[in-house]
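Order of writing sets the labels: A, B, C and D. Residues in every chain begin at 1.
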Amino acid sequence: MNRRQFVAGAAAVGTAITGFPAIANAQASGPIKLGIPTILSGRVAQLGISSTNAVQMVVDAFNANGGLDGRPVDLLIRDTKAKPDEAARVTRDFVNSDQVDVVFNCEASSASFAVQEVVREAGTLCLHNVSETSSLSADPAIRSPNSFRFARQGIHDAVGSARYAAGIAKEKGLKKWMSVSPDYAYGRDNTDLFFKLLNQFGGDDIEVVGNGWPKLFQPDYTEVITQILQRRPDAVYSALWGGDLVSFIDQANLYGMFGSIEFFTINLADYTTMSALRDLPEGLHSGTRYISSFPDIEANRSFDTAYVERFDDHPTNWSWECKVGIEFLLAAMTEAGTADGAQVADALRGMTRPSIIGVGPDNSVTMRGDDQTLINYAVGWGTTVAEEPFVTNIQAADWADIVEHETAWKQELGYI
Amino acid sequence: MELAAFGECLTNSSCLIFQTVGGLKIGMLLFLVASGLTLIFGVLGVINFAHGSFYMLGAYFAYTTLAVTDSFTLAVIAGALGAGVVGILFERGFISRVYQSNVLVQLLVCYAFILILDDLVILIWGEEFLSSLGAPEVFRVPPLFVAGAVVPPFHLFLIGASIAVALGLWLIMARTRFGKIVRAAAQNPQMVSALGINTTLIYAGVFALGSLLAGLGGALAASERSISSGMGFSIVIESFIVTVIGGMGSIAGAFVAAILIGLARSFGAIGFPLFTDGLMFMVMCLVLILRPQGLFGRAES
Amino acid sequence: MRRSGPIRDMIFGLGVFVLLALLYVLVDDAFVHDIIIKTCIFSIFALSLNLLIGYLGLVAFGHAAFFAAGAYVFGLFMQSEYVGPDSAWAIPFGVLLAMVGSAVLAAAIGAICIRAKAIYFSFLTLAFQMILYSAILAAVPITGGDQGLMGGFPKPVFLGIDLAEASHMYMFCAALAIIAALIMRQVVESPFGYVLRMLRDNPDRAAFLGLKVKLYQWITFVLAGTLASLAGVLQSLLDIGAFPEWAFWAKSAEPLFMILLGGMQTFLGPVLGAFIFEVLNAVVTAHTRYYGLVLGAVILFFALGLRRGLGDYIWQLVSDRREASGRADA
Amino acid sequence: MLRLENVAKAFGGVIATDDVSLAFAPGSLSAIIGPNGAGKTTIFNLISGKLRPDSGRILFDGENIAGLDETEIVRRGIGRAFQVASIFPSLTVEESLMAAVQSHRRQTLRMAERFRHSNARQRAGEIIDMTGLGAVARDLSANLSHGDQKLLDIALALALEPRLLLLDEPTAGMGPEERWQMIERVRALWQAEHMTLVFIEHDMDIVFEIAQSIRVLCYGAVLAEGTAEEIRANPDVIEAYLGAPAEDAEVAP
């Protein structure tokens, strides 16, 4: 008896005792309900909006095609204000009250753990689509058999980043490195992993001479910038993102920082970030968060065009993650012929589909079965240019390499 | 703790100049905002928790003005004046109704205003963060090199402009009739009222001036900081720290405390990078325990 | 002869418990159940803060420090190696441990804060809360930093109570909230409680009546902090974790809202406030993402329009009417 | 009973009390008079522990109480009432007095019993009868008349069963008739409770009528000391008062 059956059984007993139906009345008809806890207000409202926009596009098309045997998909989107207890409350509400078939989680960092605990207890199928915290799906103490990860996985990016950076370092003789990353779990994990792998790939030449840890949403980076200029590193790595990254680049520009230092920033190549910059400096190294030219395929370009047409704005990294998530979910439901969580989960495990972001065979991505994590999505780095397409000379990461180091990383942490 | 690096920096002229100029710039922008907060508290006795929202409004007004007129000067003026006008509306429409209420009600009215303005800003300007204004054309030049340190001319301008504002504020307070009345009102409102001076006007004027200073700070800061809803959050907390350390109601105190905080940030980033925030709250605690009137405040009788 | 106060209050409490239990059975809606659970949790939080604000007249800004302390101590204990799925004693012991730990914290913070007067007291409580917040963020190996306590914890059955079961959790929260409220009701109606009112009205005069002002303030601060930690424990049980946001100053603003909405003069005002706040939150969030706009407008209505909490407003209406009819009778 | 020896207090260079030595006999009824700013209230503040003297001793029953805080001094048997009635606006008269009685009985740390059921009610009733507040016993203190608020202030002090009672202008702000009622009541209380009573008063007629002995303060120092007749005849006192007649003709706030 698996957990879900157990829960269903317990619920049936509960129904018998209390005289009213509890959570398990699987609705075989009527719309399929997806509950989306996400951030729609405050300073990261962009996250929720660009995520749900992408989901809406896919679902609209699905419903227009008749849905799942005539059952349309209904999206319940609710704001959690980026608070973990609100995320938990909203998710409980989805599970208990709205009796959603799937929790489609578009929550960031700590709130995702709160969502995770609710669905773990309830046994509802859950997709994590934007939280990049590695442990969410890698750590066996935290991951849950009914949860699937469609968001970027930190270790994947780190391998791609370190390989690219090690190459440039060798080519240009970059030995002294510094970092400037936001002082919270994502920023720290990302940066630590990057340097760990960079040391591995780049050899003994690489020396880290200092780390700057500004706070998340810090308005002013002057003290970090002066510190960097002070120590004169050859290169700087940064996991800043969004408005913080924009502030940093604007402020560093005043010091002429990018003339003398090679800057590697994993989160720059996302349209909303690049377009917010008054002057996008040329020749910065950036990871490709989301751009329509990588992978350079028709599906990707037309997604960008369609999105812009409908929402008057470019999609974000969060958009593609959610798009892939919802496409997989709908495909799995179609394959299983039902919205039942356990059966859909079975269909999801190991599923491979073509995607706008796919770099696997035939531009596919795969939902890896063993840890329920997405692989073969586009991980690449390139250099910035002032005009479209903003990033050129993109080098794609090798997924065999990524998976090899991911495994080593998991072993080291005792995850496997 | 990286005390070695800290000591090394103190003995190295380029590092000293680097961190001092950087710290001064952070401190002076903070002073602009904090001086408004401390002025309002000194005269009205109100803790304007919504002060950060005027900083935010200053930034947004400046952004739009720059987009329309393409003039940095006009943008900064519009940011400051716009925040000042909203300040008057806020004082007349809301805050003036709770002067007699307890501090809790005043606080909640301010908090309500924060919530409303943060959402209004999203409604008007959208949920995406906006780019900074960028330095005006004159300052888009290569930075200066002083004793091995890099100094952007624009930062010198920001520091100079803030000091000019501080001087102007001091002149207004020390030399003008308005300043005298304001100081008198801070000490004894009944007396001022008994002398036939319109305290309503004085209160509105002070609130407008306070908000204007926050708006000016926001507009100037927006020249190099990205703009978003909720950006007033962190600045208002820092302003409170400055106000408490300098002495609530003391503009001179705010000036000194803002510089201290600025320098603590820039040098703290070298000496103890992970605990600058916690350190600031600890200093605030110490001041509150040992000298609640702050460095420059008058002791309570 | 009227029944004596404590017994009447206990009967009232029991009545409320029966009503809440009936509500659970009759209204089969998890949404409603969730609102009741959260109202219970926040009632404890807001009532405890109102001991300081409403009865003692000390506006504490840092009350969430103790909410978070309770949640973290409890959560860390439940995640520790000592607790397994069959440790029947774990939850009661964890609750006790969290409350004792928070009491110690409150004793230390309170001893320092009550030295400051008026607004300086408020700022000092805020500063301590932010130091705790910074500490939680910094102590990543213990607290998980900004990600909070991850990975959940077991909820071992004790005395036949299985908190993983929704109905048990509901009854547990309701019972604890009622017990906490009864304790606080007893305190404010005791000789000690009247001292609090005197200190609020006129601390200088109270000193000349031989009352050691700081001692009473300190005891109340510790009591309020301890009870706030109970709210934190329940929240931790509900969300199966603990998060640094609970120690942030914005969390301290929530019970302030509730007190404003419900009223601070009527004992149960904050409970009403907690209920309004939760309903508002749940309903508004479900319909618009401009929650701040709505909440802000509601607060302005209460602060500037009614000028008092709803509980106080109703109480005023009732007593005015009573007085009017009394006069008519005479 | 109470003896001040060379007590001095200055506020930032301004001398409020300058080397004052005073003595009050047990069971006496004394008045302190003097022009505004003479330091009368400061003396009370020093005795009651609100202020700490810069130098000198304050002996109560032979024990130096200078520098103790107000609660310690209250516990030793010195009660006081204030120039501006200092009461608890949100409590009723009865509640205020019950609480004061409980404080005297050291029952205020009790959390497990109900205030309403406290046996302090009986004693509070006695004080209410004694002070003639019976008609307003259930009223909120904030709603009392000015005179009743002054009475309540005194009643609060009485609840502590003080051996020495300090009254700061018990008749301040009252009309002529009310003043006499008040002072008669004070005298009656003094007689009934067998305590030592010191009061500050502006109304010379009242002072000369009821005080057994009078101290005159001027610029923080003791100018004269004696019975009504002696004071009336003292040229220094006449000088001090006639020298500043406007200050004497004080209108109550």
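The rule is short, and it goes like this: a residue touches a chain if its C-beta (ideal position, glycine included) is under 8 Å from a C-beta of that chain, and two chains touch if they have at least 3 such contacts.
Quick caveat: nothing in here was measured; it's all calculated off a predicted structure.
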Neighbouring chains shared between subunit B and subunit D, ordered by label
C
Name the chain whose C-alpha centroid is farthest from the C-alpha centroid of subunit B.
D
So how far apart, in whole Å, are subunit C and subunit D when each is placed at the average of its C-alpha atoms?
43
I'd like the Å distance between the centres of subunit A and subunit B, where a centre is the mean of that chain's Cα atoms.
37
Between subunit D and subunit A, distance of the C-alpha-averaged centres to the nearest whole Å:
75
Give me the residues of subunit C that touch two or more other chains.
290-292
Residues of subunit A that touch at least two other chains are 41, 45, 183
Return the residues of subunit B touching two or more other chains; collapse runs of consecutive numbers into ranges.
118-119, 122, 274, 277
Which chains touch which?
A-B, A-C, B-C, C-D
The answer for subunit C against subunit A in the complex is residues 25, 28-31, 33-34, 38, 137, 140, 144-148, 150-152, 164-167, 235, 238-241, 243-246, 281-282, 285-286, 289-292
Partner subunit B, residues of subunit A touching it in the complex:
41-43, 45-46, 49, 183, 211-213, 215, 217-220, 222-227, 229-230, 242-244, 246-247, 250-251, 254-256, 272, 276-279, 313
Please name which positions on subunit B make contact with subunit A in the complex.
9, 14-15, 18-19, 21-23, 25-26, 29, 118-119, 122, 127-135, 139, 142-143, 149-150, 152, 154-155, 221, 224-231, 233-235, 265-266, 268-270, 273-274, 277
Contacts from subunit C onto subunit D in the complex sit at residues 4-6, 186-187, 189-195, 197-198, 200-202, 204-212, 216, 219
Applying the document's contact rule, which stretches of subunit D touch subunit C when the two form their complex?
48, 50, 69-71, 74-75, 79-80, 82, 86-91, 95-96, 98-100, 102-104, 107-118, 120, 156-157, 159-160
